[in-house]
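Both of the next two complexes hold subunit A, though its partner changes from subunit B to subunit C.
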Partner chain A sequence: MGEWFSVAFWACMTIYAVVVAAQIFGQVFNKPRWVERATYGVAGGLALHTVLVAWRWIETGHVPTIGNFENGLVGGWFIVVMTLWAGWKQRYPLLAAGALPFALIIMGGGAMSDTSARPMVASLQSFWLYIHIFFAWLAYGAYTVSCGAAVVYLTKSGKNKSADGEVLGRLDELMFRSVVFGFITDAIMIASGSIWAKNLWGSYWSWDPVETWSLLSWLIYGLALHLRITMGWRGRKLAWLLAFAIVGVLVSFWGVNLVMEGSLHVFNVG
Partner chain B sequence: MVAAGLYYGFLAIWATSSPPHVVQNIASLAPFWIVYGLLLVNTAVCLWNRLPVLRRDLSSSRRWGSLGTYLFHVAFFFLAVGFVLTLLGRQEASVWATVGEPFESRPDQFRSASAPRMMAPGVPALSFEVERITPEFWRDELLFTTLEADLRFPSGSTATTRINRPLWVSPATFLRMSGFGYTPRYELLDRDGLILDSAFVKLNVFPPGQRDYFTLPDFPHRFYLEVMPDVAIEEGVPVNRSLNLAIPAVALHVHRGRLDLGRAVLVGAQAYEFEGLRLRFPEIRYWGEFSIVRDPGAPVVFLGYIVGLVGLLLKLTGRRPEAEWSAGRGEHHG
Partner chain C sequence: MSIRGLFRAFTSARTTILLLCLLALLLLLNVALPQENVVGTERFAEMTVGRPVAHFVLVTLGLGRMSVSPVFLAVLALFLLNLLTVLVARIGPTWRRVALKTRSDKGLQAWARLEEARSIPRPAGWSVAEAARALRGFGYQVRRPGERTLWAVKHRTAALGFMLFHISFLLICAGGVSIYYTRFVGSAFLSEGQQFQGQYNKIIRSRPIGPPPELPVALESVDARFDRGEVVHLGAAFRFQQGSASVTRKARVNHPAHWGPTSLLVNRAGLAPVLWLQDTQGFTLDRIVVPARTLTGPPTDVTLGDGRVVAFILPLAAGASFPSREELPQASMSFRITLDSRVVFDGALSPGEAAEFEGGRLVLQEFRYWVGMTVVSERGGGILIAGFTLGIIGLIWRLLWYRREVAVTWDDREIRLVGRSEYFSGRFQDELKTILLTLQRGSDDDRATTG
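Take a look at the complex of A and B:
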């Protein structure tokens, strides 16, 4: 990436990191104004982040979807947008402290890989690519929000904590609704990816590790929904499940290609 | 159900760190199929038993969410059946077809074909001719921005297939382009210039720098080739400028047994002379690699996707079927 782009990118990362630190500080040392004001930092970081996405789009001439860097950049944008919306809408700004670290991880991880601009290669010129990736970002953003809400729930509730029931109720509802949203969009992601795979590789399912992990994580969230709807799991039980369920998502998006070779799901081309 | 859950859970976790071929081998084992069959029967029975409840929900309170739940789980049945059909009936064959060469599904024209399966006795017969292959590259790098082939069928119709846009020839059969390479046409001449033999040879000589060879039936020689698709001579040295087939040249190296008979870079109609013979490559075309895939499970699986998605969206309508959190004392009410 160019020099000015690099400066803007790391400035954005710094803003998010400062926001997370401020919210954690505010929570630990009981300074609620730090938590609330940090939300404005999220909005400011998001504005800069949006500029970065548009910049990359114009520079490459296509939607930034190629490579770990572009996927991290846009995936992180979706996470921040959904975190900001959920936190604002639910009047719970501390959500950013639980969700933004994931944006930092995928953006930082992407920045460690090849950041050079690449063309939209023939294998990626497909209508199904845009559907697949768009719904992947929505799903992962929603799962991150659910994880963030779960983390906040766990920090607010507990034996020796006098938590506000209404606040916990809103967090519980946010966990559930974000998982539902993520489950539906994840299903669309898997289906559209399968159709694209059939077009590109001749087979709609190849038991590629990334495919298998994404299916596994989808089933885990399906299990969470089942436990909530039919078994009445809520509150801390559900929060613990959702706090760890995000691991499957991180592995399928990021971990497989770090650890294994031979996956057809290569995010970097060239 | 518990045993199946544990078995498949263990397999799923193991599959996440295993290469695909290992996972596919597991799917051919008896325990996998026994448990799979039991789950399929269980799903079908549950769906059947649930029908009266669904009818009651729809007639009395029009709970579309209930229909959504039902359809979503019906979709799993479609997916499971589609998967079985794929395992039992998927066939794939690979073909290299040169521009201008008619492909008629003769056994000698297939490069590879998957073994016959229970529901797939052989590769479906297909006939076509490649009219044109168009690869385009980004700058000078091995990144395709376009790779497509124009095909003509015996009926006279034409169609274009791209690397990620297959042609459907029937509900379960499609033709897709999966690669390309160079096909030089050689001419072998005697001392008097009489052409002894001429043919196209499909070689694995892409990208430039890749080396392949061919032999001729009545001659003991082995001819090694590299193709430079866009050659220029810089300071007396042939240099390849791009990946586009503009001014092609062939780097030839001739052997007879262990005897090295020399090498040369041939451009256009230039010939190389060895042991009373001359060899030249007046023309280079593209060959395209095509896969003919018959997968009876694919339409069923895709139908399952549609049914499942409709079910999920229907679930969003109407009242939620579980308790909602009540503000105040933090208690929940059914």
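Take a look at the complex of A and C:
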């Protein structure tokens, strides 16, 4: 990445980091105004983040979808948008402290990999790619929000805490809604990826490690939905499950790196 | 346990959750343990031969070939059986819910007493017809089971979404089985102008039922473009023979050419030198088109004539660009030629040039392009896609158009509203508040217009 792009990128990261720190500080030292005002920081960071996505798009001439850096950049953008939206809708700004660290992780991790602009290789020139990754970002964003809500729920509830029942109710519903949204979009992501794989590799499903992790993540969230709907799991039990379920998503996201040798998700042709 | 008891146990939510957990565990093992399809057959063999524990886990239990292991297939079969029995068990309740069988007035009155009802004073001039119209405005279907009771349901067909979602798994499974038994995969190389005559480089998977597919195809042309060493476009035109006529179909990466149930996926390309082996009098002894490794890899070797002459074709120099069609006549590749294992030529050749050696010469007539392709033939993909589509529709139907029902009861003094939704209770409570406001405002509006 260029020098100015690099400056803007790290400025954006810094804003998000400061927001998370401010919200944690506000929560721990009971300064609700810190938590609320930090939300403006998320909005400011998002504006800069949007400029970065557009910048990269113009620079490379294609939607930023190639490599860990571009995926982290756009995936992080989706997480921030969905966190901001959910926090605003639920009137619960503290959500950013739970969800934004994941955006920081994937963006920071992406920045550690090769950030040079690369041409759109033939294997990625497919309409199905856009469907696949768009729904992947939506799903991962929603799962991150559910995890953020779960973490906040766990910190606010407990035996020795007198949490506001209405706040916990809203968080509980947000966890469930985010999982429903993520589960549906994840299903579309897997199905569209499967159709794309048929065109690219000739097989709908290859038991590739990345595919298997995605299916595993989907299954875990399906399990969470089942437990909620049929067994009445809510509150802390569901929150614990969702707080850990994000691990599967993170492994799916970084799975390409972990299993580079064995995975088809490398997209080289020639 | 009686058959009915077994059926009940099998249709319980706990059984489904247990099977989902088992499937998740096996998928976890799938990525945690080395899989033959990922590490390759040779490396997999190295990992298991002479290692009793690894052999037992990966081969005997089949966990190194998870997708076809008896354990995985057994759990999958149980899961599908569970889906099937749940589907059967839910037919009756689903039908009753979808058919909107009106609930008894007594039951609704009891419900209104049991749950926390919202109430407003009954305004003068309040009418049942107006209340029913207000509920319909919110998308509810309204019934009047009693003199002082309205019962309304929104998204009564939501339960069908559940059925669709579960049926979709069965369809996906049926598609998978069909593909398993009809799938053939082979890889081949074709040079421009070459007719395919079943010369697979490698048969990756033979179909359990039936022979390899008939493929009357020839490669017309290849279009490969590289940018900074990466393929940014790779396409090919194939000519399929259909009786006495021929049909040209184009393929490129991500867009295979289709011929019935067979797909041709192009995935590699390179230069194919056309070589003529001639004797000292100029008579042609052999003619061959060689799909040569062009950008990377070891030299491509080819034996000519009676086997005494071997030509080694070296890839282009590192950093060299892949020649476009216009550049082909001027392009060159390095050749090392041996005669009876003795190097007799080592140098670059361009089209029209020849490597002279004792007893003959090797002419590079021209460069063509070759393409590497994967031939896939299978049936059942349509069922699989239908399963995906049905599953997504079912999910949306079930989870977004969730069922909600409300009861409005009244007496001379007040109107009470109770309701329940399958989920999203917070949002539903907001909806109940709005309904109640509308019921009240509707009455006010009525009074305003009539009064």
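Structural remarks
To be clear about the criterion, the second predicted complex is superposed on the first by the 262 of 270 C-alpha atoms of A that agree within 3 Å, B and C clash if a C-alpha of one lies under 4 Å from a C-alpha of the other, contacts with A are read in each partner's own complex, and residues count from 1 in each chain.
Keep in mind that, in the parts below, a contact is a pair of C-beta atoms (placed from the backbone, for glycine too) under 8 Å apart; a residue touches a chain by one contact, two chains touch by 3 or more.
In this text the structure is predicted, and so the values were computed from the model without any measurement.
After superposition on subunit A, the partners subunit B and subunit C are seen to clash. In the overlay built on the shared chain, the residue A:216 is in contact with subunit B and with subunit C.
By the document's definition of touching, both partners, subunit B and subunit C, reach A:207.
By the document's definition of touching, neither partner reaches A:113: not subunit B, not subunit C.
Looking at the shared chain after the overlay, A:165 reaches subunit B, while subunit C stays out of its contact range. Judged by the touch definition given at the top, the superposed model places A:226 against subunit C, while subunit B stays out of reach. In the superposed pair of complexes, A:155 makes contact with neither subunit B nor subunit C. In the superposition on chain A, A:191 makes contact with both subunit B and subunit C.
Contacts of A:126 after superposition on the shared chain: both subunit B and subunit C are touched.
After superposition on chain A, the stretch of subunit C whose C-alpha atoms clash with subunit B is 272-280, while the remaining options among 2-10, 128-136, 272-280 or 434-442 stay clear.
The residues of subunit A shared by its contacts with subunit B and with subunit C are 118-123, 125-126, 169, 173, 183-184, 187-188, 191, 194-196, 198-200, 202-209, 212-213, 215-216, 219, 228-230, 259, 262, 269-270.
Considering their complex, residues 118-126, 165-166, 168-169, 172-173, 183-184, 187-188, 191, 194-196, 198-200, 202-209, 212-213, 215-216, 219, 228-230, 232, 234, 251, 256, 259-260, 262, 264, 269-270 of subunit A touch subunit B. Across the complex, subunit C is touched by residues 118-123, 125-126, 128, 169-170, 173, 176-177, 180, 183-184, 187-188, 191, 194-196, 198-209, 212-213, 215-216, 219-220, 222-223, 226-231, 259, 262-263, 268-270 of subunit A. On the subunit B side of its complex with subunit A, the touching residues are 12-13, 15-20, 23-24, 83, 86, 90, 92, 138, 141-148, 162-166, 176, 178, 291, 293, 295, 298, 301-302, 305, 308-309, 312-313, 316, 321-330, 332.
Chain contact summary for the complex, subunit C toward subunit A: residues 13-14, 16-17, 20-21, 23-24, 27-28, 30-31, 35, 37-39, 66-67, 176, 179, 185, 226-228, 230-234, 252-256, 263, 265, 267-269, 295, 374, 376, 381, 384-385, 388-389, 391-392, 395-396, 399-400, 422-427.
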